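Below: the structure, in C-alpha cells.
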Amino acid sequence: MSGPRLSLTDMARRVSRDIPSGAYVNLGIGMPTLVGDVVSPEKEIVYHSENGILGMGPAPAPGEGDPELINAGKQPVTLVPGGSFFHHTDSFMMMRGGHIDVTVLGAFQVSEKGDLANWATDEVGHPPAVGGAMDLAVGAKRVLVLMTHTTKAGAPKILSSCTFPLTAAAVVDRIYTELAVLDVTRDGLVVREMVAGLDREELQARTGARLAFADDVLVLEPGAV
Amino acid sequence: MPARADGEHVIDKRVGSLVDAVADIRDGATVFVGGFGNSGIPVELVHAVLDQGARDLTLVTNNAGSGETDVAALLRERRVRKIICSYPRSSGSIWFEERYRAGELELELVPQGTLSERMRAAGAGLGGFFTPAGADSLLAEGKEVRIINGRRHVFEEPLHGDVALIKARKADRWGNLVYSTAARNFGPTMATAATLTVVQVREFVELGDLDPECIVTPGIFVDRVVQVEAS
Amino acid sequence: MSGPRLSLTDMARRVSRDIPSGAYVNLGIGMPTLVGDVVSPEKEIVYHSENGILGMGPAPAPGEGDPELINAGKQPVTLVPGGSFFHHTDSFMMMRGGHIDVTVLGAFQVSEKGDLANWATDEVGHPPAVGGAMDLAVGAKRVLVLMTHTTKAGAPKILSSCTFPLTAAAVVDRIYTELAVLDVTRDGLVVREMVAGLDREELQARTGARLAFADDVLVLEPGAV
Amino acid sequence: MPARADGEHVIDKRVGSLVDAVADIRDGATVFVGGFGNSGIPVELVHAVLDQGARDLTLVTNNAGSGETDVAALLRERRVRKIICSYPRSSGSIWFEERYRAGELELELVPQGTLSERMRAAGAGLGGFFTPAGADSLLAEGKEVRIINGRRHVFEEPLHGDVALIKARKADRWGNLVYSTAARNFGPTMATAATLTVVQVREFVELGDLDPECIVTPGIFVDRVVQVEAS
C-alpha cells in the first residue's frame, strides 16, 4: 500500500507514550513486543509474562542467560531487581483478575464495539491455538491493539463486526495502526490521531466501520512520533 | 528499566505513617483483616482505622477479635455493621458476642475454606465456584446446590474487598512481600482481592534483596506498605 | 456414668494405631489433639494445620518458640525438618482436595449413615462458628471421629439420624468412644471392638442407632490399648 | 516424629531410576506434562513413558511438542489419543500437525488460564467455576454460559489427571520441591491434581535443607521423585 504511513518503530513509540510509569504491562507476542524496546527509560514499567514472571527484563547477552527463563514468545529474557517468579495459575490470576494495567495485543480484526479477534482466522484445516489471549483480553484494565490498518491484500481489519472468531467481546480500548490512533467509545470509533498527509476520506475508505473524528485530531509525523 | 536519578516516577509503595497507610478508607467499606487467632493480625493498621474514623464497615476476617484490641476494638466502638467470618466465637470474643446478641451486628458465617476461596475467586477474576464444603449444611440454605459427580456442591460467589489490611515480614519498594511462619495465613489471598491492599511489615529491604523464587506476594497485589518495627 | 470404659489416653492410643506411618494427618481441636501425643515414635507422620502448616511439631519449650507459629487451636507449636508454610487458600486445597490421608475429629453427633454434626448444637442465642470443620469433613480421605459415646447427661451421640445441624453427610468412616470402635458401613454401624466387661445389650442401650456386631469383636482392655 | 534408626517406615519418595518413576502408567491414562515452550519440560520422564509403552493416552499440556523429542515423540509413536492443550501449534510442531490433520488425534483446545485453573479446581476439590475467559468465543460452545455481574461467564469443569509428569530443581525425601525461574510454570498446579505425581529434579537435598518459607510444592502433592542431573 502506498501513501503516508508510520513505521513499526513509530507505531510502537506511539503506543509506549500511553503506558504510564509504574504500570504493570503485558505485551503480546509479535508486534507488541517492540513496544518494550522504545519505552522511555525514565519510566519504571513492570513487565508481566504469562508463564510466571513479573519484572521481565531484556534478552540476555548471546550465550548467557538461563535457557528456561523465556517469555510468552519463547524467547530468552532476564529478570530485573524486584522481579519474581510464580506458577501459571497465579500468573493467570493476575491476567484475568484485573491486575494488569495495560496489555498491548496484536489482532486480526477489531470491531467498532471493541470486539477482538486475534486467535483464529477463517482458514480451514489449520489447527487452532489460543494460548493466553482470551484470559488477557477479558482481564487487563486497558487493552490496546497494535496492528496494521488493513491486511496485506488491503482488506480492512477494523470492522463494524468481526468476521473471524472472537477472542472476547467489547474489550478493546484503543487501536494503533500505521495510519491512525482510534478510541473505541460507546458511540463507536473515534479517530484521535492521524498520520500526516492522510485525509479523512482515505482513512474511512480503508476502514470497515464508520469513523467519527475528534474535534482536535492530532497529526502523527513519521519519524517524529 | 532503571529508576530516575532524581528518584521521581519510580514505583514506591512505602508510606511513612500508619495515618497515610489507612487514608481514604470510606464509611461503608468492605475491609479484609488478615490473621488467624493472634497470628498475623495487622494490629497497628486496625488501630489506625479506629483512629481514622471509618464506620458502617463490613469486616471480612476469620475470627471476630478477642479482648479489647484490633477487631474487638472496632466492634466495641460500633464501627462494624456486618462481619463475614468463619469462627467468630472464641475465648475472649466478648465484644463480638455483645454486639451480636444485641442485634447490632449482622453475621455471615462462611466455612473457612470457602471464605478463603471466595476471596481468591475475586482476586482471580472468576465468577464463582461450586464446593462440596457446607453443601449438606444449613449454610447452603438459599444458595444454588448442584450434584456434581454424585456429590452435592454449593455455589459460592466471589468476595471482593474495598480494602485489605494485612501483615507481612519484609517488603521492598515495589511491595513484594515475604511473611513469617504461620502468620502468612490469609494475607496472600486477601492481597489479591481488594481494591486497596495495605500491608504492615516489620522490615523494609532494598529492591532486589528478596529472592525472586521466594517472594510470596508479588508487588502487583500491593498498594501501600508501612513499617511497624515491633510487630 | 459407671461401668467399664477406656480412659482418654486409651482412646487416643487406639485411634493412633489406625494412623499408618507416612500419613498426612489433620487432628481436630480438642480431644483429637491427644492422638498426636501417643502416636508411636517409630511412625513418621506429617501433621497438617489448617492455618498453613505441614510438618507441625510439638509445643515449644516454655518461653521459647514463635508466638505466631500456632496450630488450629491457637496453641504454640513448632515445625519439624521437612515442614513448610503456605497460605490459607492452599491449605484448604489440601483439605478439601482429598490430600489429607486421615483426619481425627470431635463430634456432637454421628449418624449410622456417617453424617457428622460437630459445629453447632440446637442451643439458641449462642452465636454460631464453623471454622474449617466442613472443608475437612468433606475432603479428608478418611474421617475418624473421637468422642464420648454419650453426652454428660447420658443421651446417645450415635444416632439413626443427627438432630443437630449437619457438618457434612455420609463422611465418617470410623467412630472411637470410651466404649467401642464402630465402623460406618453401607449396612449401618458395625461394632469392631468393645471395652472389656461391657455387654452388647448395654452398648446398644447407650446408642441411638441399631448396631451390628462383627464376627470377631475384639476386646479393648483399659490401660492396655 | 523421628525417623527410625534402621531407616524403615520413613517417608521416602525418591526412586532410583526413570523406569521406577513411570512404572504402572496404564494404557488410556490421562497424563499431565509440565512445561511451557522448552521451559520446564520433564523430557526424560516423557521419554521414560515412551520406553514404558503406555498408549491411548490423553495428554494435558500447554504446547503439543516440537521437533522429535518429548511430547512430539509420543505423538509420532501414536501413543496419544487426545490432547488437551492451549497452544498446540508452534514452529516445529510437525508431529502434532501430522496426527491432527490425519484425524488420528482428538484436540480439546482450552484457553491457557482456564487449562491451569481447571487443574487447580481438581486439586482443590472444587466442582467447577465460572470464568469470563472464552465466554464470548467458540470455545464456550456447548457449555453453560451465565451472566454474572453483567458479564458473560462460561462454566468450566475440574480436570483431573491420573499421572502428572513435572520438572523441578530440588527435592528432599518428603517430595518438597523448589523450581527454577520460569520453568516453574504448570508444575505446582499439576502436582495437586493428579493421582500420581512424578517429578524429575536436578538435585536431591537433605530433609530440612529447603527453607520452609520457600518450598513451592509441599511434599503432600508429590508421589515419586527421580534425579536427572543434567536436566
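Letters are used for the chains, namely A, B, C and D, taken in the order the chains are written, and counting of residues starts over at 1 for each.
Going forward, contacts are C-beta pairs under 8 Å (C-beta built on N, C-alpha and C of every residue); 3 or more make two chains touch, one makes a residue touch a chain.
From a predicted model like this one, the values you see are computed outputs, not experimental measurements.
The set of chains touching chain A and also touching chain B is given as D. Using mean Cα coordinates as chain centres, the one most removed from chain C is A. When the C-beta contacts at C-D and at A-D are tallied, the pair with the greater total is A-D.
The geometric centre of chain A is 31 Å away from that of chain D, both derived from CA atoms. For this pair, chain C with chain D, the centres built from the Cα atoms lie 34 Å apart.
Chain centres here are Cα means. That of chain A falls 56 Å from that of chain C.
Looking at chain D, one finds that residues 117, 120, 124-126, 131-132, 179-181, 212-213, 216 touch two or more other chains. Along chain C, residues 79, 85-86, 92, 95-96, 138-139 each make contact with two or more other chains. Chain contacts here follow an irregular pattern that is not a line, a ring, a star or a complete set. Under the contact rule defined at the top, the touching pairs of chains are A-B, A-D, B-C, B-D, C-D.
Of all residues in chain B, only 1-4, 9-11, 120, 122-126, 172-174, 176, 192, 207-208, 210, 212-213, 215, 218-221 touch chain A in the complex they form. The touching residues of chain D, counted against chain A in their complex, run 36-40, 62, 86-90, 96-97, 100-101, 107, 109-114, 116-117, 119-120, 131-139, 152, 179-189, 216. Against chain B, the residues of chain A that register as touching in their complex are 21-22, 24, 39, 41-48, 54-55, 57, 79-86, 92-100, 138-139.
In the complex of the two chains, the chain A residues touching chain D come out as 49-53, 66-70, 74, 79, 85-89, 92, 95-96, 115, 119-120, 125-135, 138-139, 165-169. Residues of chain D that touch chain B in their complex: 117, 121, 124-132, 146, 148-149, 151, 153, 178-181, 211-214, 216.
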